[in-house]
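Note that the chains are named A, B, C and D in the order they appear, and that numbering of residues resets to 1 at the start of each chain.
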Amino acid sequence: MIRKVLVANRGEIAVRVMRSCRELGLMTVGVFSEADRKAMHVRYADEAYCIGPAPSRESYLNIDNIIEVAKKSGTDAIHPGYGFLSENAAFSDRCKQEGIIFIGPTAHSIATMGDKITARQTMTKAGVPVVPGTTEKITDEKMSMKIAGEIGYPLMIKASAGGGGKGMRLVREAHEMLPSFRTAKSEALNAFGDDSVYIEKYIESPHHIEFQILADRQGNVIHLFERECSIQRRHQKVIEETPSPLMTPELRDEMGKFAIAAAKAVNYEGAGTIEFIVSDARDYYFLEMNTRLQVEHPITERVVGVDLVKEQINIANGLPLTLKQDELQQNGHSIQCRIYAEDTDHNFMPQPGTVTHITVPLGLGVRYDGYVYEGYEIPMYYDPLISKLITWAKTRPEAIARMRRALYEYKITGVKTNIKFLEKIMDIPDFINGNYNTHFIEKNNDRLTVSKVCGTECEDMAMVACFIDYLDKIEKIQPQKFTEEFASTWKDFGRKRSVLRL
Amino acid sequence: MAYEIKLEHRTARIELLNRAGSKVLLAVDDRKYELDVVMVEKGVYSILYDGQSYNIELIEGDSGKEYIVNTNARSFNAEIIDAESKYLENRMLGTEHEGENEISSPMPGKVIKIPVSEGESVTAGQTLIVVEAMKMQSEFKATADRVVKAILVKEGDTVNSHQVMLKLE
Amino acid sequence: MIRKVLVANRGEIAVRVMRSCRELGLMTVGVFSEADRKAMHVRYADEAYCIGPAPSRESYLNIDNIIEVAKKSGTDAIHPGYGFLSENAAFSDRCKQEGIIFIGPTAHSIATMGDKITARQTMTKAGVPVVPGTTEKITDEKMSMKIAGEIGYPLMIKASAGGGGKGMRLVREAHEMLPSFRTAKSEALNAFGDDSVYIEKYIESPHHIEFQILADRQGNVIHLFERECSIQRRHQKVIEETPSPLMTPELRDEMGKFAIAAAKAVNYEGAGTIEFIVSDARDYYFLEMNTRLQVEHPITERVVGVDLVKEQINIANGLPLTLKQDELQQNGHSIQCRIYAEDTDHNFMPQPGTVTHITVPLGLGVRYDGYVYEGYEIPMYYDPLISKLITWAKTRPEAIARMRRALYEYKITGVKTNIKFLEKIMDIPDFINGNYNTHFIEKNNDRLTVSKVCGTECEDMAMVACFIDYLDKIEKIQPQKFTEEFASTWKDFGRKRSVLRL
Amino acid sequence: MAYEIKLEHRTARIELLNRAGSKVLLAVDDRKYELDVVMVEKGVYSILYDGQSYNIELIEGDSGKEYIVNTNARSFNAEIIDAESKYLENRMLGTEHEGENEISSPMPGKVIKIPVSEGESVTAGQTLIVVEAMKMQSEFKATADRVVKAILVKEGDTVNSHQVMLKLE
């Protein structure tokens, strides 16, 4: 049985994983880069070790250093969190070789789902609907034109090894096909060292809806319902909610069954997520599987009433699932907002810096997963995610009202954040009506870039605060008072010296 | 005591008329206010005006005269204007805006690529320097046809917020 | 319909009530004493007004001043929170006269339940079991001996107008009866200006179990199950949980029905609590009714999934309850710990003072209702309650593990608190086994007063922190460096002056 | 650099052997430690020793040499002992403990009642003064038969933590 867990991650997720370990009575080992000595996960862990310089490649992605710490500290198991090494098949394999439990799926599952074309093929074989398109890598230009013709426009060209929007091209008409095919291939080669691409039908007005699954080593697989993740900026999720406003009970049941089939097709074990792309007409297609915990897992935890990290650890311990599909239900509604250190007025440019003041939103129906504290300097090397704010209520309108209230309470000074931007989303009719897809932010851009109104009186108060602050500051260093101050500096020193007997 | 304060594009004169503990009587231009002002936490002010409860957070700039001011509704840049600032401002009006000749990073980051060299002629839209922070790369481009006058950083360097990286002619 | 709510309270409950008002889109008005200008509820409210000097009698209990603010601010409704004016019949009446909605029951309900003998009589008439004893006030000594003989020893003498343990005497044998009767009467006279007392059978090993009820103006009354409140110190609750470990489904059903009957007997409206005293053998008796929100209401909110303040406001608006008894259920387990500023090593002596540092426990399954912040000075005039920490989990053992984790994370420096004391309770077998009654703290006193072990290495680290802190402090004011420092003070001043152009 | 430090009833000598940034080499009595020590927040230290992560919070006393130290397990009183402290301590050993002749409040509060007067003889257990804080009244009683020498406060007064209220003979 696992007794000591190394968390190979940083930020909010490292702290979140350690919290569940502590509740289970497990010892925790933290690892940190040279930029992270003061990070919260180092303070939270029972043990903590430095694993290299600030750049991720030399620390959080350095498998050798992490394994060395695991062995030195007598760790039984490694939890990879999300990002970094969480979907690295070689790392999963290496842990196995070293006799350390990897809290996650096998290298085989990771590798199969990691290559998009192999994943598509596997899903097709398992009967899971995929976006109409090629099942083979394409390199030939003539072949690409022929296939494009069969699939029909608009379509997407995607890099097989892809991710992060690189090597991806939207083609609306036939005459754009060849130039786009060439650029996509060249981008893919540059970014991933592999120029193979594939072609998929483009779904207009797509929704991103994903299903959480849990699978044990005994072959039991369950799903914990969906999460709606369509509110995105720069292809990154900003707000997630469950249940999805688009969902019907029949659709949920159908998609849930496919999610389970998808996991079974790769002999999955642990927690995972099947992402679907869903059209406005509720046609749905397998998009990809994330073979790890998701950033947005808390909304599922809240609505289903489980602790997914504890489930992961139980599965890693070889225990069968105690949750049964027909006993699970969604209770109420949950929304998560991701709080980023970024400038929403300037293309969401990240904003590292020092946090001078925080007021955390609290109270009924609010969960806060974060890691920054007052005086903490958010490093420039890692993700700009500061925290996740999760609300719950019996109904969707109340959960939105609660999120609006929580965002109103939430204050961070020192770095720019997207808090006000998120607050505005809570007031946009399309969001309130649950009538949105991945184009939401683009579509509502005008409303989202307008500042809230601070009237004349409010402006006056803003100026008054500066005025009073400045007055009091000057008061302290006024020249006419300086001689007195000067004298008292001497006196102060005298007093301190007598007290301290230097 | 009175100062002019600039809040984004609006400038007002604030005069302190009376002060006893947290009770403050002052005038913003022609409007008089009787206020209760206290600093509740470092840089966080609670102001009561006629019962209305305002919470204002200040972040002081380097010069001691600039602030970022957060109200519940929005965030402002503010500046205390005194004789010195006025002089500088008047002088500035006559000259071209210097910023256009310099490329600086709005956030701390790492210089990833400098695809130009000193003395090189560049055209509008051409990438001058690429900076990475928090897994995102930002490209800084020339806004007009120019000549690269000086490159003050090199690839791999870490830059601070507002540090000038490149000068143009 | 209510649009603006004045919250006639302070501390965590004022903030908690305002949060729900904000979620409902209602404006909030705060009131504060001169000692509370910097209190969180003043910062949180949309409007805030001073209502008098620090002592409660001159501010939070000053009905005239509060009504004046209500009228000046155009308030529709007043929420009294708990304590202060929340169970003051005259205040409820005064609001009515002034045309302001009192968010709570009528003066009649408050007065009936406020006088213990009247309440006993009313309950007996309604068929609710009460502790065997007198139903009339007793003043005659002979009569007292006769009644005592009929009820049997041990018994309790209680002041009719009583509260807080004053005018209360436990009598174990007949020869103690007369002297105790005399002291109780004299104490009651001194404390409440009324020497009437009554006699009740004393229940050995009592449990305090209470039922939350909600009643609308249409006459619908429901109960939201029980709360177990037996862990007490100085007759004040410290830890509450729901469900009660003592409860059975049949007992819950029975007691719930009596709770509803009790509320109906006084034509109750709003949220209220029926307190029962329950023996180890599960015999139960009506103890009293609290005609207001309880400090421990959050555990019910979490397990039943309601917002009790919103329910109160809906009832005050004249709306019928939307919750139906047969649709309500208890989901999982919830525990609340009350965090007090007190010295647990010295008879729980209260500890006002300035909070220098706080780390709030957060994450999955944790709710935090508080009001103090870094730099805040907890005034000596009011209750020592700093915050309430509430955990939830599917099962009781997991809720305890989560509370243990949350208490471990929770740090307050500057004032002494009972956090470590509560942490120890989480490890005591009687608590873990759910095998406790109101004698729990007394019974486990030895375990609760022992400090946790900090071994030699831990002690060394404590000393090292002092050492390094002291070194760095001295470094700053060393005499050999003073001349340099002195020079740099001048330089500093010069720099500041040039920057500020004084 | 070395100091003696008293932690409750234990006294140890700490000597700094080397220090470079957050890396500290020191000896506590005869035990050597190689540590990584950083102040992460004001008064909050993170110490790594051989991988173990310790979080220590300090509250500085008035004299600058006293601390309340919170570890995860428990809270201690600590004191830095230098030449001056040692001298005072030695001198104290010869005299009676002064505290017994004074009654002071352990917390801030309000004096509710003083049922004795100056010059009065009191018996052990007799209530000398009643102080109220946070709705709780505390009675301070004589621990032995004594005479009230001086009463330094009056009913209705607000007292600070550790303020002497009464002296006995």
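One rule holds in what follows: contacts are C-beta pairs under 8 Å (C-beta built on N, C-alpha and C of every residue); 3 or more make two chains touch, one makes a residue touch a chain.
None of the values given here were measured: they were computed from a predicted structure.
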If you tally C-beta contacts across A-D and across C-D, the winner is C-D
Greatest centre-to-centre gap (Cα means) from chain A is with chain D
Distance in whole angstrom between the CA centres of chain B and chain D is 47
Chain-centre distance (mean CA atoms) for chain C and chain D, in whole Å, is 31
CA centroids of chain A and chain C: separation to the nearest Å works out as 38
Flagged in chain B as touching 2+ other chains are 41-42, 52, 64-65
Two or more other chains are touched by the chain C residues 44, 373-374, 408, 496, 500
The chain D residues in contact with chain A across the complex are 22, 36, 38, 40-42, 46, 48, 51-53, 55, 63-65, 82-84
Chain B partner, complex, touching residues on chain C are 29-30, 37-38, 42-49, 72-73, 373-376, 496, 499-501
In the complex, chain D touches chain C at residues 1, 3, 5, 7, 10, 12, 14, 16, 24, 26, 28, 31, 33, 35, 37, 39, 41-45, 47, 49, 52, 54, 56-60, 64-65, 67-76, 78, 80, 106-110, 133-136, 138, 158, 161
So, in the complex, the side of chain A touching chain B is made of residues 234, 341, 343, 346, 349-353, 356-357, 380-384, 408, 411, 413-414, 420, 451-454, 457-473
In their shared complex, chain C is touched by residues of chain A numbered 15-16, 19-20, 22-25, 44, 298, 301, 305-307, 331-332, 359-360, 362-370, 373-374, 393-394, 398, 401-402, 404-405, 408-409, 474, 477-479, 482, 489, 493, 496-497, 500, 502
